[in-house]
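Presented sequentially are two complexes of chain A, the first with chain B as partner and the second with chain C.
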Partner chain A sequence: MVIYGVYIVSKSGGLIFNHDHNVPKIEHERVFNYPLDIKLIYENKKVVVAFGQRDGINVGHVLMSVNGAPLAGTLLEDGRDVLEVLEDPQNFPITLKFSRAKMTTNEKIFLASMFYPLFAIASQLSPEPRSSGIEVLEADTFRLYCYQTLTGVKFMVVAEPSQPGMEILTKRVYELYADYALKNPFYSLEMPIRCELFETNLVTLLETVEKSGISSV
Partner chain B sequence: MSRPGTRLDSKKVNSELFTLTYGALVAQLLKDYENVDDVNKQLERMGYNMGIRLIEDFLARTGSGRCYDFRDTAEKIQSGFKIFLGITPTITNWSAAGDEFSLCFESNPLTEFVELPDNCLNLKYCNILTGVLRGACEMVQMEVSSWFVQDQLKNDSITELRVKFIKRLEDAIPAGED
Partner chain C sequence: MTVHNLYIFSRTGTLLYYDEWNRLNKSGITKEEEAKLMYGMLFSIKSFVNKISPLDSKEGFQYYKTSKYTLHYLETPSGLKFVLNTDNGAQNVKELLQQLYSQVYVPYVVKNPVAQMNEPIQSELFKLKVDELMKKSPIYLCRSL
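Our next item is the complex of A and B:
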């Protein structure tokens, strides 16, 4: 029973709210000897595992720190390039920490605005007239539920595929939005939601649903 | 207003508090603008800003669908008055084309303790309602206009609010809805 996150997209397609709820944190630290038994590459200004999966370090994981010192992009704190350091046998044994890549806020904004045309295309592709857009998007590790209100705001919930009642949850989030965002006189429409009351009530709602199911809200 | 189970409970607020607050607002506007027409305009504008937010509350708590007929709209507006003001206006005087109707109020919580003084006979005391209707309908892609044709404050026997459908805002309809 896991809900990964909640997103709200405004009528014009901008991300106005996101909340990462329960994304399991995966971090692995290991001592490596020369030569490295995994293959690392640069990707999107990060150092990523490209091949050689072991000890929970999977392809796609990102190098976070070297000998306990965090990495700034591809550079160590002292300015040395990390791939060069890893090619020099003198630096070994070396402790590397890997973790799953986290989405930055910018990437989230980008993906949210990407979903907007997908939703619209889906309704146009439909063989039946007057079809809605995407309501559920399913993958093997998650399901994305999207509820579009009559005013055009989209409420999205990303959850485990087995999690029931998520359609109802999106409507509950809508109610919270109507109460705690729109009734806040200092919140202006279409702008990002930075309302603490909204966030705390949302977290309470998500936790209740995870613990005791959708029927209890 | 809030749903049961949320932190603010659903106990209704005393309508007198609301009546008096609204009265204070109108009185203050009269003081600030010193011109009845400006006050009418300002009330409408404030109502509009309330309407565009209030509609979400209405939709979230009623779960009602889109209107494809103005008679649907009329009934939903009526239920909105029930939810937010606790009164049920009657729907009457449909125009032949079905694009205009009247909401008749026997009693109106906004005007409960009000007598209009002689110097503001042109004041549309409840003009905020016309703004609310316009804002709320606009958010669900419908342009309407409304105005008062009878007013108990002006010695009519009832208050009558006329609502007219102007057009559907086709451009604004969200994808997957039209």
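Our next item is the complex of A and C:
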């Protein structure tokens, strides 16, 4: 029973609130010998595994640290380029730590605005007349629930596929939004929500739902 | 329960096959444009799902549901994409799509020497077999219109 996160997208498609609730940390550290048995490439100023997944290190994972020293982009702390270091047999054996790429705030804003047209196209391509947009989207690792209010604000919850009662949860989050964000005189519409009460109440709600199910709220 | 329509896309995004059974809403654009829009949406959903997923995904996007229909998606490792729209009550659509791939697409397109890869499927036999499979499945139950 895990809820991964909550997103709120405004009428115009901008991300106005995001809360990461229970995001699992995927990290793997291993000692490598020369030559490397995985293929690394540069991607978006990061060093990413391109081929050869093993021991929990999967394609798409980002190189985090070399011999315990964290990486600054593609450079080591002493300014050397990582891929050059890894080409030199003298540096081996070497300990590399990989982790699944974490989303930055910018990427979250980008994803939120990406969902907006998907929602609209899903309703346009409908074989039945008068269909809504995407309400539930399922992948093998998570399920995304989206509730659009009459005023066009979207409440999205990302949770484990087996977690029940998430449709109701999106509406509960809407209630909290109406109570703590909209009634806050310092909150202006369409702007990011920075209301402490809203956030604390949301966290309490998510924790109760995770512990004892949706029926207890 | 009903099956609305079926799209098959190649690895490069060409619409290989389209068929419809119970479709009440015309999108108001040509079939080619609709196919491009559909493929574009699926492409975006795939990258969206990959980024927003908290864990490493294997199969990725499975389906989405709106208030009126459900879109089921199956992608083979070779990049072939099957998209089937059904009503919200349909069960085991994934198995149906897998059957469509292994029992209809492979025997009647891949094993057909005159069928060109990456081009729209012309074969009448294929059309017949797709229709047969859909009508045989319990998901297909023609609603009185």
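Methods note: the second predicted complex is superposed on the first by the 217 of 217 C-alpha atoms of A that agree within 3 Å, B and C clash if a C-alpha of one lies under 4 Å from a C-alpha of the other, contacts with A are read in each partner's own complex, and residues count from 1 in each chain.
Criterion: a residue touches a chain if its C-beta (ideal position, glycine included) is under 8 Å from a C-beta of that chain, and two chains touch if they have at least 3 such contacts.
Quick caveat: nothing in here was measured; it's all calculated off a predicted structure.
S.K.: First (chain B), second (chain C), both or neither: which does A:140 touch?
M.R.: Once the two structures are laid over each other on A, A:140 reaches chain C alone.
S.K.: Tell me which of chain B and chain C touches more residues of chain A.
M.R.: Looking at chain B versus chain C, the one contacting more residues of chain A is C.
S.K.: So in the superposed three-chain picture, is A:201 touching just chain B, just chain C, both, or none of them (first/second/both/neither)?
M.R.: In the superposition, A:201 touches chain B alone.
S.K.: Pick one for A:123: touches chain B only (first), chain C only (second), both, or neither.
M.R.: After superposition on chain A, A:123 lies in contact with both partners, chain B and chain C.
S.K.: Of the two partner chains, chain B (first) and chain C (second), which one does A:158 touch, if any: first, second, both, or neither?
M.R.: A:158: touches chain C, not chain B.
S.K.: Give one of first, second, both or neither to describe whether A:26 is in contact with chain B, with chain C, with both, or with none.
M.R.: second
S.K.: Touching A:73 in the superposition: chain B (first), chain C (second), both, neither?
M.R.: In the superposition, A:73 touches no partner, neither chain B nor chain C.
S.K.: Touching A:60, do we find chain B (first), chain C (second), both, or neither?
M.R.: Second partner only.
S.K.: Tell me the contact category for A:131 with respect to chain B and chain C: first, second, both or neither.
M.R.: both
S.K.: Using the touch definition from the top, say if A:179 reaches chain B (first), chain C (second), both or neither.
M.R.: After superposition on chain A, A:179 lies in contact with chain B alone.
S.K.: Return the residues of chain A at which the contacts from chain B and from chain C coincide.
M.R.: 122-124, 130-133
S.K.: Under the touch definition given earlier, write down the residues of chain A that touch chain B in their complex.
M.R.: Listed in rising order, the residues are 11, 119-120, 122-124, 130-133, 148-153, 171, 174-179, 182-183, 189, 201, 217.
S.K.: Which residues of chain B touch chain A once you look at their complex with the stated criterion?
M.R.: 2-3, 5-8, 52-53, 55-57, 59-61, 63, 65-66, 139-140, 172, 174-178
S.K.: So in the complex, the part of chain A that touches chain C is made up of which residues?
M.R.: Its residues touching chain C are 4-5, 23-24, 26, 58, 60-61, 100, 103, 107, 111, 114-115, 117-118, 121-142, 144, 158.
S.K.: Per the contact definition, I'd like the list of chain C residues that touch chain A in the complex.
M.R.: Contacts found on chain C: 4-5, 20, 22-25, 27, 34, 37-38, 40-41, 44-45, 48-69, 71, 85, 87.
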